[in-house]
Every structure is written in structure tokens, then in C-alpha cells.
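The following pair of complexes shares a single chain, subunit A, combined with subunit B in the former and subunit C in the latter.
For the complex of A and B:
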């Protein structure tokens, strides 16, 4: 018979799992939920930009026409030449049938970022009535990998991802009945049910959780382990130029020189690559060292099932003399075993090797990972609410209260903020003043809403806080279609009749989450009622004994 | 020709996971209310293993070995979670049975 006593090693692993996961759980829940939504960043952006349809239905621009693409490059150059002739960088994305605007991004001489969108026909800045300023689904992707905090955010996410790997491995070590309890879930058993939910969601999806955490670290290997690059190269750019077998970046000469006709160079690039271009980049415009790069169209469907993605094609020119510097044929495979492995891990993490099939799979498994994290965090307090372990002496009740408050705010609070972000998208006026622009306001209000849920959970008793926030989340999900219909006149029926599957998918998924929240709320209410009647019967019994 | 046989693989994996769960005495007893002889345990495990291998073959032959294995493992996890739900929800079992019967009837119509 197997001993139920824990060995010192298992005890140590158990403590590591409990406390490590408690600290990391709140942040990991954020990373998992936003990452899972992030796999659908493009459909979410599509839902959040209803005005795009009006440009698409009226524009003359044809993405399949080489002349139109060349003209669009000319329009991008004309605008950038006017606003930032001597910037650090110009970057532009050409219009397509999903996003019909010419999207510009540039850095001024001090490398401060700026962006704008131009109409594909007129080359004028898009008015607010045609372009709802929003980060769209990219907001969730940015939350997922850098918490909107740049390199610092990447490091924070990396640290917690490392803790996730530790928690997964220590969890496997301390779980003595992995195979015996493989399909076990005992409902309505209090602490036991939470433990079963935590174990089942973790064990049944373990390969995915291990893969996603490890590949997440591998994606940013050059950020997390930069020593080798700095020891051998002058800059990270020089390292990447060598790895990608592309020309090394040029140093600025500080000699003024005008940028030549980009449209003509773009046409040459398309001819050399043998396919349409999608992105253009000019480094150091206005300087004699300026280079112009064209990147070929990324065709996701053609690359289905490939983990090591080949090049989409690239051509580089001297932006002043129009001389071709480098050409990378489309389909060129990355070289070197280590680099190919890193690229495969990147594709695995980004879920871009199998269209919506793989995206849905990642969404479901990512959400199951979020369930594993949330159930673990809740289990910590369920266990201690039944019998306090007094780990912190007199401060224990305060610590437990803090854990409860953070659990509510990190789990149901984040869910409210995520669906609230879509409400903000519809309710915020199209024209908003301020340096951050409308997109910045949307993200700012997302954080403000999340902060309110933290305040709410700090002010209310824990059970009521859970119930009220779940009710709020369910209401926000189930009422979103009405807000959509009242503000922009779109709803499920129009989406379905117009075969707008992406927008319909977004709304149906949100409605499903609303219904799930109602189900959870119903269970919480039943439990609260059962506890109440149990307390009442105990009081009656006690009164009877006294009487 | 099956280009993207994801649903086929999902159903094969689901059958395999259901077989594996029924090969465990406590689940077998609770669901079917009958004793599970050792021979049936091994037969169910063997059948589940064969179904999983079949699913792996089907997905790798259309998605390639690397992406095929990744998808197979992912679909296996989803199937395992669904089997767990089936074991614990009478309503879900009934709905799944009806859905399965409907699917089979459609197949006969085709």
C-alpha cells in the first residue's frame, strides 16, 4: 500500500507549488486570459472597427492592382515627407480587403513613435467618422506579452512564465494520483471539487500548458538572454542581420540627401520578388545612409501546417540612389538548427500554422489553463476558510483578506475589464481630445474599470464581491449585442445575413461567456442559500438544547 | 480526400478517452453499475490505444508530422476534458448520444 506521508522532497515541492503559484497566479491569469483572447485579435479588431465597411464599399483602390499598390506607396511617401522628412524611421502597411487604410508608423529624430491612417484613394488622413481610433484586439496581445509596459513588461511576463513552469513541474511531483484521478471530478464537494477542477484542468491539458509556457520564453530568448549577442555584436540589429542573412544596418552619415521615388523602387522590388509587397520601411530618411525595404505579402493559407515559416520575400534598396542592395526570394528557409528551432517555437506559440482550427484549439486550451490557475488561487482560500493555518501569526486574517480581494479583482475583475473594453469601444465618442488619442483612452478606461473592480472587491465581503462581479460580467456580456445595435446599428442578425462570420463569432462567444457566468452565479447563490439554512438549523438546535 | 480531418480526429480521440475512462473501475461502476472484469479493462485500453494511433495517423497524413503531433495532442486534451464532462453530466451524455445518433443517420443518408 502506498504511504500517504509526504516525503521531505514532496513537502518542499508542495510549499513551492502553493506559495509560488499564489504569487504568480494573479498575473498568470491575466497572461492566459488576454493571450487566449489575443489568438482572435483580428476578428476582435474587425468587430471593433465597424466603419471600415464604409471605406471598403466606396473605395476604388484594388489590392490586386500593382499600379494601385505603387500609388499607395507614393501617397505614404508624400505624407511622411511632409510631416517627418528627417525622422529615424518610416514604416507603412498597404491596404487590403480587411483593413483598407494606408497605415503609417514613424519615429521622429528622437525615436518617439507616431502613427496615422490615410485613405487609400485620396491619401488624406482618414476622418474620425471613417476610422474608429482603437487598438482593437491588439490590446489583448500587448497585455499578454508586455502588459503595455514595453521591455519592462516583457521581463515581468517572462518572470511569471518561469514561475508557471516551476508550478507545473512541482504540481506534477506533488500530485500522487495523476493516473488514478485522471478523469475524476467530484461535484458539490466543496474543497474537494475545487481541487479536482484544479487537477483535471491542469493534468488533462498539461502538454499544452508546458508547451505554451516554454515557447513563450523561447520567443523572447534574445531579450531574456542578451549576453551572447552583446559579447559578439555591436548591436542586436547586427546580430539579427547576420541570422536573417540580410545586409547589416547602416550607420547615419549626417549628410542630407533626399529620398528617391519610393513608388518606382517598390515596383522594382515586386518584380524582383515575383509577388506583391505588403510592408515598406525607410531607415534614416533624409540622410545619405537611408535604406528602403519592401516586405512581400504574407500568405497564411499557403503556409498551413508549417512550423518553420519560410520568408515572404524581401528587397532592400539604397533609398537615395535607388540601387538594389539585397533580395531575399519568397520561400527561402531560415538556416541553422538553433535558429530553425527558435522559429518553430515562435510559430507554435503564435498559433499561426493552421488558421481558425488551431486558433480555436489554443483558445479552448488557454481558457482551460486560466481555469486551472483561477481554481488554484480560489482553492488556496477555500482550504484556509475551512481551517485557518495561521502562517502569518496575528497578521494571518489580514493576509487572507488581501488574497481574497486580489483573487476577486484578478479573476472576475479582469473579465469585467475585458468585456468592458468592448463597451468602451462602442460608447466612447469617435472624436476624443488628448495626446494619447482615442485608442489611448480606450486602454486607459480598460485599466480604470479594472481598478474599480479592485476597489469594489476591497469594500465588499468576499462572497458578495464574487456574486456581484459575476453578475456584472454576465450583464456586460449579455447586453453587449444591444449596445452594439443601439450605437452602430449592427447586431447578430445583420452579421449572419451579411455572412460576417468573424463579427458573429465574437458576439456569440461573448454571449456564451455571459451564460456561463450566469450558471456560475446560480451555483454560488444555491451554495449561499444552503449555508444560510445550515446556520439557521444549527442555531435552532442550539436554542433547543438550551431550552 | 480528407484535407483537414480535424473533426474525425477529435471524434476518434473522444472515443479513445471515453474508452480509457470506462476502463477505470470506479467510473465504470458509477456509469454502468456493473463489475469491470480485468479482461475488459485491457480490451478497453487496447481499443483506446488503437483509436489514438489511428487519429495520430490520420492527422499526420494531412498536416505533416510536426504540426500533426501538436494538433493531435491538443485535440487529445480537449477530448479528455469533454470525456470528464460526459462522466459528470447526465444531460450532456444524453445530448451527446442524440447528437451522435443524428450524425450517424446523416452519414447513412449521404
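For the complex of A and C:
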């Protein structure tokens, strides 16, 4: 790029970096921003569920009581037995002091997913007044790894992650002054500043960006690269059973058989593991092959600082005869260097090994990655606005316009949709009709809002589109606390007096993003004014020459 | 002589599809020859494919010759898969 003599190799890498990154940039920005927010999925979910507090303060359920836990399992079974006696899968999460509901997830015989939440005491479906139907912060996590589109989404994200690796490698190759540029930033120099911003954000965080892209692929290694698994095993399930040293799932027999008392099996499982259970699973209930699995409580605090997490414990039963099939002691270490490596990469990617310090570090590094990506996409157009390169002949202006429109919608449009999602959470009525439920509405409206920003970007001249969307984003950020106060009566003061640091942190972070957007807006305005006076003085000079 | 859009597409396909083929072939080959337990060999070989794949893409673009790029992806892939297949037949 800035080198004087260009070898053909470097030229090829420069083209690969420019065009590959242009195509990948929009999607990668989405993956990076939602992933960075997703690091805080738990505090965001907490902010988005203000009704939880009322259940927590009134419930009799005690997560530390074995009797209560066993009773909750019974309530889950009673409900599932009624709605889906012959489903493909039942899964339940027991209440805790963060989320007090008995959370149910099940698949019907055709493997369509369903979910419900039960009150921990009554076992009845939680009324809308106690449960704001929402995906909470998980929405950002799902955007990040599968774009809310299942396996296809996982593949799309994987493909762009691969392009990210290619862009990082080709970027390093073309960037000869990598160490010098470590310390170079020329502010207020137009194109040069965008290049410096792109280089500085990329170079400073290069190790993190390489790590996060590689470990992201490693998390889904069996999805992305199943060749060897299929060559050596009959099915991926057989492979996982051998890796985890757990019994392989049983084939369905299609002989009807009732599921036995899960509460009693759960108590036996807790005794066998010597610790509380947290999740339960029944595979093909109603079939004589049904199995019941209890997973032990995951204690994140006790595991801090560890990259290879030991087992939280699990016990598996024949769900019909109540016979124990398998026990995995809590604390059991994953075996094998390769498997341990893959587990460590998973933990590294999930940022859950060092509490809030590590989460904040990941958030900042991830957002810096997003800045690297966005500044690269913007630089592409800044360069070409100075001097069109006519790469597409007659179609060049149309292609440039498309890049501009997509840049605005992917960058400022996504930011608007993300903070807008929190507005939707507060403004959407608690009870809404529709098969997808309220949580589905929230996500649907997130996409609708994003689509509107694309439309806006397509209809407005590019500079106005940037300014208006940045202003919109700043307004949404800075007014969110008022919306929160008016709709559910919570605000920073209540958060701080209640020592609700997580909710306070969410709001303060959003306010600082709003202030940053205002600052950027001010810069854009000044630049626009400077350009205007420049063209004006040129015009006056020309008029003077003519006159 | 091919047109420019066609050449660009063929090169991109050599990188993306050819690269994935080579990455898969290297995974099959490594999982067959690594002197580790079966699960360990499979995991090691599969993780290593994420190193092979980006390098293959970089190589395709460094060549700037579509025919050679395709050959460079397909020929080693065929050889690697053939060896892996022979080894699995010989051992079972």
C-alpha cells in the first residue's frame, strides 16, 4: 500500500486484501459488534427482564434445597407430559437466583423447537405480567454465530471468519511498516487518517483478532470440517460419544413406554454426583429407548482462570426402567492433548474464564476490531471519492454508490438496530399475539428497524445518510434511560441505590456510545462546513477571474 | 482466452472450493497417519485444516494463474485422499 516498489506478489495480496475485505467487511462488522455486545449477554438479559425481581422477592423456591429442586423437576415433567408426551426431546433448566423460572425447551416429533417458562412454586406457565418474553442478550450471541438462521447461519459466519483470517494474513503481508505504524496516527488528514486508524486498530489488536477468528472456527470444528469424522465414525454422535467418553445416543425402538418419575431419578442423580443438578434432558420420551440425563450445576466462579474446564458432572438413566446407565464425576478432566486444546480454544473464545475484567477486555478489543473493519470499508470509498479508479468501467458509479449505501446500513444502521432492540424491549406490549411469541416479535422488529436504515441509506445522499443515522443512533442511546424510566420506572438512580451494577453498567455504556456518536457527528459537521467554505472561496476566485 | 469476470470467478472458486477440498483432503490424510488415538488424530487433523485453508487461498491469489491454481488445489488433494484411502483399507 504505502510501499514504493510493488512486487507482483505484494500487488496480488493488496488486491486480495482490498476486494476480499470489501465483500467480507459488512458481515464481519455485524459479527464483531454483536459478538462484543454478546460478551455481556447476561447483564443485557438482566436489564431486559425487569419483571424477574418481583418473582425473586416473593418465591418460596430455594435453589439450595434438594426437595425444591426435585419438586421443580416434577413440575417440568408434569407440564411436558401434558403438551408433548411423545416429543423428540425434553430439556429443562432449574431456577436460580438470577432467573427464577423453570425454563422448558422441547422438540416435537418433527424436531420443531418450542419453549415455555413455569413459575417455580406453582408450576404454572408464567403470566405475561411476570415474564417479559424476550431473548435478552442471547439475541446478540445468536446474531454473532448464526444470524438467527440455524446451521446455514453457522456456515455463513464460518465463511466470513475464514475471509477474516485471509484478510489479516494478506493485510500483514502488504503492510511493511507494521512496527513503525504501531506508533503512527495522523489526525485530521482525511484519507491518511482513515488509513492510520485502520492500521493502528488492526496492528495493535492483531494477536487478538487472529486468536478470536481462529478459535471461532475451532468452536465449530466438527461442523466446518467433518471430513475426518465421517471417514472414521458412522456418525458425528458416535464421534462425540467417544470423545466425551459418554454412552452413544440410543436408536428409537418405536415401542411406546411411559417415562418414569423423573423427580426420583433426579434425586438419585444428585446423590451419585454428590452435587446439585441444574439441567435435565429426556431423549425421545414415550419411546422405550428414552434416556434421562441430569447435568450438574455449572459453577463459573469456582472455575475462574481455567481454560480447560472440568466436567460439572452428569448422570444418565434409562428413563423407563430408572436404571442408571452412566455417571461422570464432577471435576473429571477432559482427556487427550488435542481435545484439551480444542476445549481451551472454546473457553478463550467465550471469554468466560476471568470474570468482568476479561469480559471488558474482550468487549474493547472486539469493538476495536469493529473499528478496524469499519474504517477499512470507509477508507475504500474515501480513496475512490478523491480519485475514481473506474474498476468497473461504465458501471463504476453504480458500484461505488452500492458500496456507500451498504457501508452506512451495515455500520450506523446496525448500531441503530442494536440499541433500537432495547427500545423495542421496553415499548412492545407484554402481551402480543403470534406464533413466535413476544421474543420473536422483538427480534423481528430488530430486523425491520435495520431494513429501514438500509432504505434510508439508499434514499439519501451518502454524507447526509451518515450524519442522520449517527444522529439517530446518538438520540436512541441518550434517550434510552428516559424510555426506561417512563415504561418500567427504572433508571440510573434506582440502579445505583439498589447496587444493581449490571443494569447500571448497561445504561452507562450505552450513554457513552451516544456521546461518542455525537462527537463523531460534530467532526463530520465541521468537515462538511470546511469543504463548503473551500468550494465557496474557489467559486469566488473563479468569479473574480471571470469578472 | 477467457473474459475477465469469468477469470475472476474461476479464481475465487479455486480459492473457496479448491481450498476447502485441499483442507478436507489434508484432514483425511493427517487423521490417517497421525500416530495418536483415533479421536485425538481426528481433532488434531480437523483443527489443522483451519491453517491449511487460509494458506491455500493466499496461494491461489499469489499464483495469478487460474489453471495452475486449480491444479495446485486438485492434484495434491487427490493424492492425499488416495493415500488416506489406501491406509484405511490396509489397516482394516
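Here is the rule we use: the second predicted complex is superposed on the first by the 544 of 547 C-alpha atoms of A that agree within 3 Å, B and C clash if a C-alpha of one lies under 4 Å from a C-alpha of the other, contacts with A are read in each partner's own complex, and residues count from 1 in each chain.
What we mean here is this: contacts are C-beta pairs under 8 Å (C-beta built on N, C-alpha and C of every residue); 3 or more make two chains touch, one makes a residue touch a chain.
In this text the structure is predicted, and so the values were computed from the model without any measurement.
In the superposed pair of complexes, A:358 makes contact with subunit B only, with no contact to subunit C. Once chain A of one complex is fitted onto chain A of the other, the partner contacts of A:368 are limited to subunit B, with no touch recorded for subunit C. By the touch criterion defined above, A:337 reaches subunit C but does not reach subunit B. By the document's definition of touching, neither partner reaches A:433: not subunit B, not subunit C. In the superposition on chain A, contact is made by A:207 with subunit B only, not with subunit C. Using the contact criterion defined above for the overlaid structures, shared-chain residue A:389 touches neither subunit B nor subunit C, since it reaches no partner. Of the two partner chains, subunit C is the only one touched by A:165; subunit B is not. Overlap of the subunit B and subunit C interfaces on subunit A comprises no residues. Subunit C meets subunit A in the complex at residues 23-25, 27-28, 30-32, 36-47, 49-50, 53-55, 57-58, 61-62, 64, 84, 88. Those residues of subunit B lying in contact with subunit A across their complex are 4, 6, 17, 20-21, 24, 26-27, 62-64, 66-68, 70-71, 73-78, 80-81, 83-84, 87-88. Residue ranges of subunit A in contact with subunit B, taken from their complex: 180, 182-185, 187, 200-201, 204-208, 211, 304-307, 344, 348, 353-354, 357-358, 361-362, 364-365, 368.
Across the complex, subunit C is touched by residues 8-9, 12-13, 15-16, 162, 165-166, 169-170, 173, 214, 217-218, 221-222, 224-229, 231-233, 239, 242-243, 336-339, 341-342 of subunit A.
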